[in-house]
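When the chains are written out, they are named A, B and C in that same order, and each has its own residue count from 1.
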């Protein structure tokens, strides 16, 4: 374990960078995914087509390809932003497709009569979704959405390889290959523990949330 | 509401056709409903009664013809349609109360979000309506904690809260246990007495006799016969109506 | 992308011409190293074991132009590969009996410790940290870190200019020695951009995401020559990167055998360089460095 304690400051830095990537991606992917889900169930055919296109594109493209497009495609088109921005953007685009599908499955689990009743009292589509359907979808959405978000947290390790660096995974890579520390303790004792702290905390929070939305019936 | 002369029908369907794929569920429907009139729609299963109801507030789009409410043609989608729907109350067979909201919230939601009333005003009015349908004591419960009859009365209060010009009822009592049917029908009779314009799909002949001005008999997507309730039940004209009545009367 | 394709065509024609000039030996531009006939080794040594096994397992890179690169036929070629063939020859092992194991930077110690290979020849910089886990024979080449920038950049003329231009970004590869080395020249760690491959650094330099790329001179020279004038090297080599051959820690006999073999085959060594990395324009043929004492 000493490779970890010897370099604890680097691991803390890596942990914070990973956490930063994850929090930004969360802030982007959640609202975007809900928005795309709203498109997919909307009564307006072009919006539905757009939602389907979005999900098909990003759900069926490997994350590394999406990240590659962001990190190299945008600059090639003359759009230069930091690699951190591009990395988070790629993770947001990719994850939003999965968030959308989790939310959509939740929406579909709400009986159609609820949306009809909402419409019959004069709520428009967005209001019906917001005040009637989504709050009820939440209950069934939390578990699958939790899996999507935890997968996203682990996927954040890939972002580091696209010019971001300094995250947990890259810290591990730098300690093992440049500074010659043995791979096993660094990855198991440092990198894996770092990700576990994040994902287990997220898992616990999700469980709390699940319990909360289950009671509020 | 006072903008139109009294002679003008409140709801008018003219030449309405609707298909579900190959199935011609509404065939050349012409129907006018006057202000304050109560129309009972009756007919065998699958004859298109629900579809007719749902077409009137455009939960189902129609393929041909025209439907107007208070002189205004039903718009296709969007804000206009939402506004028009707010003027048409609907009560469903399966209640469809918002499961995550209390009884009071169910009734106040529309007035706050659609009519832009203050929460306090909407809730005050909601309590009055709940009082009127006899479930005031249940205001803070969730729908699942209520009996079917209570839920349906809340649903009526929810529709009333929008101050609709016309109310549509699609078999409002057929999901209820027998002992609860009357508590709902009584509320509806009260509404009719107060002058509400109503379209009611129901097989409850008692209600038709007590409250309806007219009975419309549908079969195979067509309006086959229209008559005053007493006339229709005692001496129906068409063979199909006779056949149908003989079946429900033996039950 | 157009200029890249032109550069590629040019490079291919050079290879074709070189191959043609070699006449009979056209199928391989590098001269085949001599393979010793049944050499004798003291029993129990690594050399005896390898000679006995009849095969040499060599860890090398498969993605490093000029040093270890897998070609379209699936064969690896480059300076490291040729150096390994010289040592194999002295052990009585023909090039076709060498087992090539792809060994990226991050697993080089692990494959030696795990006895997955007999030696690692993979642009492997000798340093003390690594010596705690493995031993090095050699050095067999002195590389040095340098800076590559876009040709029209006159702000950055060496590592020192990075501190003076705190907005400048420099790119290197995750976990590489050059990435660690450059840190002391930076005003803030944010100036360093890391990728898995140098080609991604080169692409980012081309599209303006970074201002400089740093690593060993040899690697940079490859990019400069392919860039059709878009890139240039600036400043002196600011590190000494002696490349060694990684072997099991403490195997002094094998280390000395490798060092002796290289010393005895200086001509083959020069030939190895000139047929591989030495083909890149602007490189100088190195002299075989003095071997470090084995430990």
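By definition in this document, a residue touches a chain if its C-beta (ideal position, glycine included) is under 8 Å from a C-beta of that chain, and two chains touch if they have at least 3 such contacts.
Bear in mind the structure is a predicted one, so any value in this text is a computation, not a measurement.
Closest to the protein's overall CA centre, chain by chain, comes A.
Centroid distances built from C-alpha atoms place B farthest away from chain C. With centres set at the average Cα position, the gap from chain B to chain C is 82 Å. Computed centre separation for the pair chain A/chain B is 45 angstrom, with centres defined by C-alpha atoms. Between chain A and chain C, the centres computed from C-alpha atoms are 39 Å apart.
Of all residues in chain A, those touching chain C in their complex are 71-72, 75-76, 80, 83, 160-166, 170, 173-183. On chain C, the positions that touch chain A within their shared complex are 105-110, 127, 129-130, 132-133, 171, 174-177, 179-180, 189, 192-196, 200, 203-204, 207-210.
Considering their complex, residues 43-44, 111, 113-114, 116-124, 127, 131-132, 135-136, 216-217 of chain A touch chain B. Chain B makes touch with chain A in their complex at residues 57, 59, 77-79, 82-83, 85-90, 92, 94, 96-100, 109-110, 113-114, 142, 144, 155, 158-159, 161-162.
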